[in-house]
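I'd like to ask you about the structure that follows.
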Amino acid sequence: MNEDAPRDGDGEGTADGRTDGGASEVGMAASGGTAPEERSVAGRVRGRLAQFGRLDLSVYALYLLAIAFFVFPVLWVASASLRPPGELFSYPFRLLPAEISLSAYRRVFRAGMVTWLFNSTVITIVGVGSVIAVSVPAAYAFSRFEFTGRRGLLGIVLLFQMISPVIIIVPLYTVMSTLGLLRTRVGLILLYVGIQTPFSIWLLKGYFDTIPQELDYAARIDGCNRFQTLRHVLLRPVAPGIAVVAIFNTVLTWSEFVLAFTVLGSESRLHTISIGVYKFQGQYSNDWRAIAAASVVGMLPLVIVFLGLQRYFVKGLIKGSLKGQ
Amino acid sequence: MTDSDRSTDSHLEVRTLDKTYPGGLTAVEELSLSLASGELLVLVGPSGCGKSTTLRCIAGLEEPTDGDIRIGGRSVLGRRPEEREIAMVFQNYALYPHKTARQNIGFGLRMTTDLSEETIETRVEDVADTLGITELLDKKPGSLSGGQQQRVALGRAIVRDPSVFLLDEPLSNLDATLRGRMRTEIQQLQRDLDVTTIYVTHDQVEAMTIGDRIAVLRDGQLQQVDTPMSCYHEPANRFVASFIGEPSMNLLDCRLGPTETALTGTVDYPLDDRLAAAASEARERGVVLGFRPESPTLSTATDGDDAAAPSFTGQVDVVEPIGERSFVYVTLASGPQVTVATPGRTPVRQGASVDVRIPPAGVHLFDAATGQALVHPDRDDQPDVAGITTEELD
Amino acid sequence: MGEAKRKLLDHPLPWLAPTLLLLAVFQLYPMLEAILMSFTNETLVRTGTQFVGPEQYIRLATDPEFWDMLRVTAIFAFSSVVLHVLLGLILALAIDYGVRRGLPGHLTTRVSVLLAWIVPGIIIGLVWKVMLVENQFGAVNHFLGLLNIGPVPFRSDPTLALVSTIIAGTWRGTAFTMIMIYGGLQRVPQRLYEAARVDGAGRWARFRHVTLPQLKPVLFVTTVLVTIYSLNTFDLIFALTGGGPGRATQVLALFMYQEAFQDYALGRGAAIAVVMLVANLLLTGVYLYAFDVGDEI
Amino acid sequence: MLDGGIYPKRREVLLAGGAAIAGGLAGCAGENDGGQSSQFDESDPTVTHERFGKGETSLTYQTSTFYTPIEAESDQPAAAPALKTQHEEWAENHPDYRIEVNYPAFGQWKDNLLTSAAEGNAPDGSTLDSKWVADFYEYLQPLNDHVEDIDDFFPFVRETAMRDGDLLAAWKYTGCRCLYYRQDILDRYNDGDPPATWEELLAVGQDIVENEDMDAYMFQSSSALASLPYFWSSGGELVDSEGAPVLDRSGNRQALVSALQFVRDLVDTGVTPQRVASVEEVEALPREGRAGNLAMFIGNNDQIERNLKNPVQQDDDVPDDRWERWRVAKIPRPADGEHTTGVGGWAEGAFREGNSDGAAAMKDFIGKFVAPEAMGRYCEAAALLPTRESVFNDSDLYDPDTPYQDRFREFLRDGVARPARPIYSTIASEYTVAIENVVTGQSSPESAAETMIANVNEEYEAT
């Protein structure tokens, strides 16, 4: 964009960085010193630069606002969790703890945090794995088979995405009870798979659709049956989609509360992080420090995993799925 | 290789093939083809004409609704692709993106044979050597150029030593220069391997240059199967006439005049006996007058009248110089626009009035209703300018 | 064996069977059961369920509190959807702008927003609850106090309580819309912008005539999902206000849960569930019509 | 036939998942040093947070961290040793049994317990809020053979805990609500006297709000028991002897409207801030009191010890005797009304059916909570009030040195127990909704009362 500014004569064209497109990609690599360079031609294009600056400034302001809005609660929880007893609700208000205390964490771990972490981890890993194991073949079928009622069936599957599990929680409870799945992890996992599959199928089908059918043909000519085609040929190209689905479902599963609470009931050995946190709302008072500490511990694994993978998540989302023409 | 008798010991035979999709769409209808061993047949037609469907039926990727497909004299219906001894190359190459070129080429052997790793390795390397891609073997498709990918795709096809080779628009993803080179290479390879080949393309120029014979397909129906020259000079019908040849044949809708010695309509064209006899077959239905852009001559209106051929006045719309020749688009006074090929340094200018002289020796007549050819010019009389020299232009 | 297996694999059923089975057991059957149950007086604590016809629905329709809750739910869902999509769109555009301009900070922003998304809903409810405590112990009121505002009754004022739940919900959900829309923006072909510029379109015109139409499918899906999500929000409100003060933030999902699991009136809960179900489907239909996306999805 | 297809994959996944879960269960069990193995060493303590006793056969029991016998885990550490002694005694008498203890999430404890009881999956025993007892009559097992001298319980205890001569719950302690006030503030505005009537409260409250930088009076609007005295003191009754709600009878309706009108007046005059509608924690009000924000509030009798005396003494910023500024008084009443207070407390119940040894062991465990010695020991330590007359009067068993015990005994005489009827749950939740609606101005007292009456009656008719 640096060279663009003087060259481009159409008045307002470059005012929008959006449109710089390819040029800005190139400019970006060498950028960093964008602003000074622009200023060097300020004489001629002062008006436009003022606009540049204004837009940049407002975008920066937006960034700051967004970061403050979105990060503050998380940091505040962290700060609350590190306080000694009594300091959280002492007066005057303190943003940061006067002294660091790990007593809330000790309490949380004594109360069964290891169990909750373990349960959440098992349920998430097995659950997400199962979602993928179920939805990949289904998405493949919807993408690759021509059969009567395919569109209709896909529509029906998607329709289930419109049904929130909260709505059917009462009969679900009966179903789980009948199947003997109440108070079991398997039951909860199966339930999650049943509920999260439609959206996963829909996402994955989008990825399958981006893979040319010729790849399937080539594989068949090379002697693959459909299963082998999926395994040897298609699985790798849809891997970004699988990653997106995995991350999506991990977030959903890890943080799910209502179903876990309903299915697992009072079986505290099976409780997950969400339930664990909730348990610190006590008989006479809420143990806010413990809630904060449990929240931090509960979020941490997901935050770490997510910070590591968010790049792939975003990339995967960009890569396929929704038709953007 | 125009000897039609080779079809008697045909290696690949398609008999009255029908393919109708569940939705009711008929992709291919009553299609019959017969290829001699080692022959290269080009299946050509506009997109959606059913050529790729035909190819996929032969490959076993789709089941025909009716008809038979025989390879080496035996029906292959119901057999799986890998059992048909065929290999296929796709328009977009369909290379497995996560496998190296080596793995791509060897994959089929690994899946279908019990060959040892070493044998597979040797065969892959032999093929790579043939195609000159040895140094690319450990790269993945993503880091290969279009031409290199094309070669890997070919390698994947020939490593299995197929008895029938199916190429589906193999060149259309390449740029013009590369296309010309690859075309020659494929031709060369096909001859060397002496493998029966069906080559699908929508590009008639490609079809003309590469095929031993070409089969022209339209709306799922076979129009003509013949050598490229025959298709060009003796198109079986109006569609083939307009499809083969660049620029297309001029086609003017006429009727047979009351005296049956002249056509009337968009142009009034006197007929000699030979033409009149042919035209009389379609006297009720109307006649289409066709001539290749190469056959007429142009003269400026002020030139003296040469009575050897009927002449029509018109005005030049556009002159397209392409080097040794130019194409002149002329709107005739009676209405229709015709294309005329002239020598490169034609003096005509846009807007000039010209006479277009159409010699009877270059005239094709078609039945206006059925489209069937009524008469073709004698081959010997044709001017020796082939339309196919424009091939590099597209 | 091999041949039979291949035949089987060539049929879509084996591929779809696990999905269909799971959906039938965990979605279809419970849904039908809910509909059936809504015509009975089934309770959790008493046997002898009777078929009572549309009585539960009549009760609901004649209960003024139900209409209040419907209104609360509608306000909550509508505001949430608008805020989610608008904020998500703005953030996506800003981050996209930053990426293209090479402004530092866009990654931090993106990660911050996404961070909020992965925090479990129940934790969000509790965290906001303690942040919004209505005296100087509450973080937000403390800061407002520094500006000589407040203390603001975030949770005890009926209107503010609803606003608080909407904001907390938006805090969590914006990441989803942002990331979906950001993904959509990346797939808008550059040449369209170039073409629009050549045609003399200004920034707004380009946004209006290129960006928005190209984002339509993404916006559709996002809006549908966010709507359904908002309409059925439970954990967050449950933890943040518990439906209070009074019933000022009592959304249908909460009402249903209370009817079914606190009053043990399964039949009544089911009737509310069916109402919610119909609302979900109706809105999806409306969106389908409004966005006119039909085949693009 | 599906080898290599998707099924094996699913099966593998499920098997793997199953294995992981089985492993997980084993892991947890090991961690909780309970589980399948009952090989306890000599060195293992008899009573831990999750297990009472070391016997072969396990019984299940749910309670709150408020009642854990382990000081470090307890929300009420002072009382933990008493419970520990009690459980150790039980363990000694029942060497074949051990109790696996579960601490459910408080918010859903009752709902889960009721659901599982309805399914026949209730734990063998559980702690219960005294107000839940009526909802569990169907499932609770009689304790008569395991509790001595049932007639010794206060009448309101027997009324709630007994059905057809069967003692169904061991009501282990009680408590009452009262007015906590800052003596130093009232010295300035009411000659040191706490307000006795609503009028006085409104008057002195307005003085305080006008002159001090603090709120005058708060009560926990989410707790029915904290504000039901307004209704009772106005002469209201909730249910008749049949257990049917009688709010629509004119006197009761009038009492309800006056109670709600009083609440409205409190808010309108600014004596009570609207934000009481967001107060959920019992601890929240004393916390504000400690911070100097609040002059008067309605609290539990045990809060003087738990939320005022001890925390204030721990807080370095405040001199140690500051808690003494807090005094207790009767809850203000209407000028023409009687003083009443709500009595609550917690109970224990056995769910294990039959006469097996296991059931007996559990009933023994439950019964022990109300054995005079154990009750005295516990109530003394926890600053709570016993439910047995004999314990109350026997200073050998019960002699707490917590402040204001005499006053609490006095208040308790006017104690009204919540009706031991299933409909009470609905009444309580509708009452709090009505109070909150009035506090936040969403309804007038009259319309809030009408809505409440209609909802309660409808619920009663429906079940």
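A, B, C and D are the chain letters, set down in written order, and residue numbers restart from 1 in every chain.
The rule is short, and it goes like this: a contact is a pair of C-beta atoms (placed from the backbone, for glycine too) under 8 Å apart; a residue touches a chain by one contact, two chains touch by 3 or more.
Note that the coordinates shown come from a computational prediction; the quantities given were computed from them, not determined experimentally.
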*Go through A-B and C-D and name the pair with more C-beta contacts between its chains.*
C-D
*In angstrom, rounded to a whole number, how far apart do the mean CA points of chain A and chain B lie?*
52
*Averaged over CA atoms, how far is the centre of chain C from the centre of chain D? Could you give it in whole Å?*
36
*How many angstrom lie between the CA centroids of chain B and chain C, rounded to a whole number?*
57
*Whole-Å separation of chain centres (CA-atom averages), chain B against chain D*: 90
*When you check chain A against every other chain, which residues touch at least two of them?*
89, 91, 133-134, 137, 227, 278, 281, 286
*Which residues of chain B are in contact with two or more other chains?*
80
*So which stretches of chain D touch two or more other chains?*
4-6, 10, 115, 280, 287, 291
*Every pair of chains that touch: which are they?*
A-B, A-C, A-D, C-D
*Contacting residues of chain B [partner chain A, same complex]*: 21-22, 56, 59-61, 80-82, 86-88, 90-98, 107-108, 111-112, 156, 168
*Could you please specify the touching residues of chain C with respect to chain A in the complex?*
5-6, 9-10, 12, 15-16, 18-19, 22-23, 25-31, 33-34, 37, 90-91, 93-94, 96-98, 100-103, 105-106, 108-124, 126-128, 130-131, 136-137, 139, 142, 171, 174-175, 179-180, 182-184, 186-190, 193-194, 196-197, 200, 202-203, 206, 214, 217-218, 221, 224-225, 228-229, 231-232, 234-235, 238-239, 253, 256-257, 260-261, 266, 269-270, 273, 276-277, 280-281, 284, 296-297
*Can you name the residues of chain A that touch chain B in the complex?*
146, 148, 212, 214-215, 217-224, 228, 232-233, 236-237
*Complex contacts: residues of chain A adjacent to chain D*: 85-86, 89-91, 110-111, 114-115, 118-119, 122, 125-126, 129-130, 133-134, 137, 177, 182-186, 189, 227, 261, 265-269, 275, 278-279, 281-287
*Provide the residue numbers of chain A that touch chain C in the complex, in ascending order.*
1, 10, 12-13, 15-22, 24-25, 27-28, 31-32, 34, 55-56, 59-60, 62-63, 66-67, 69-71, 73-74, 76-77, 80, 88-89, 91-93, 95, 133-135, 137-138, 140-142, 145, 147, 150, 153, 157, 159-164, 166-172, 174-175, 179, 190-191, 193-195, 197-199, 201, 225-227, 251, 254-258, 262, 273-274, 277-278, 281, 286, 288, 291-292, 295, 298-299, 302-303, 306-307, 310, 313-314, 317-318, 321-325
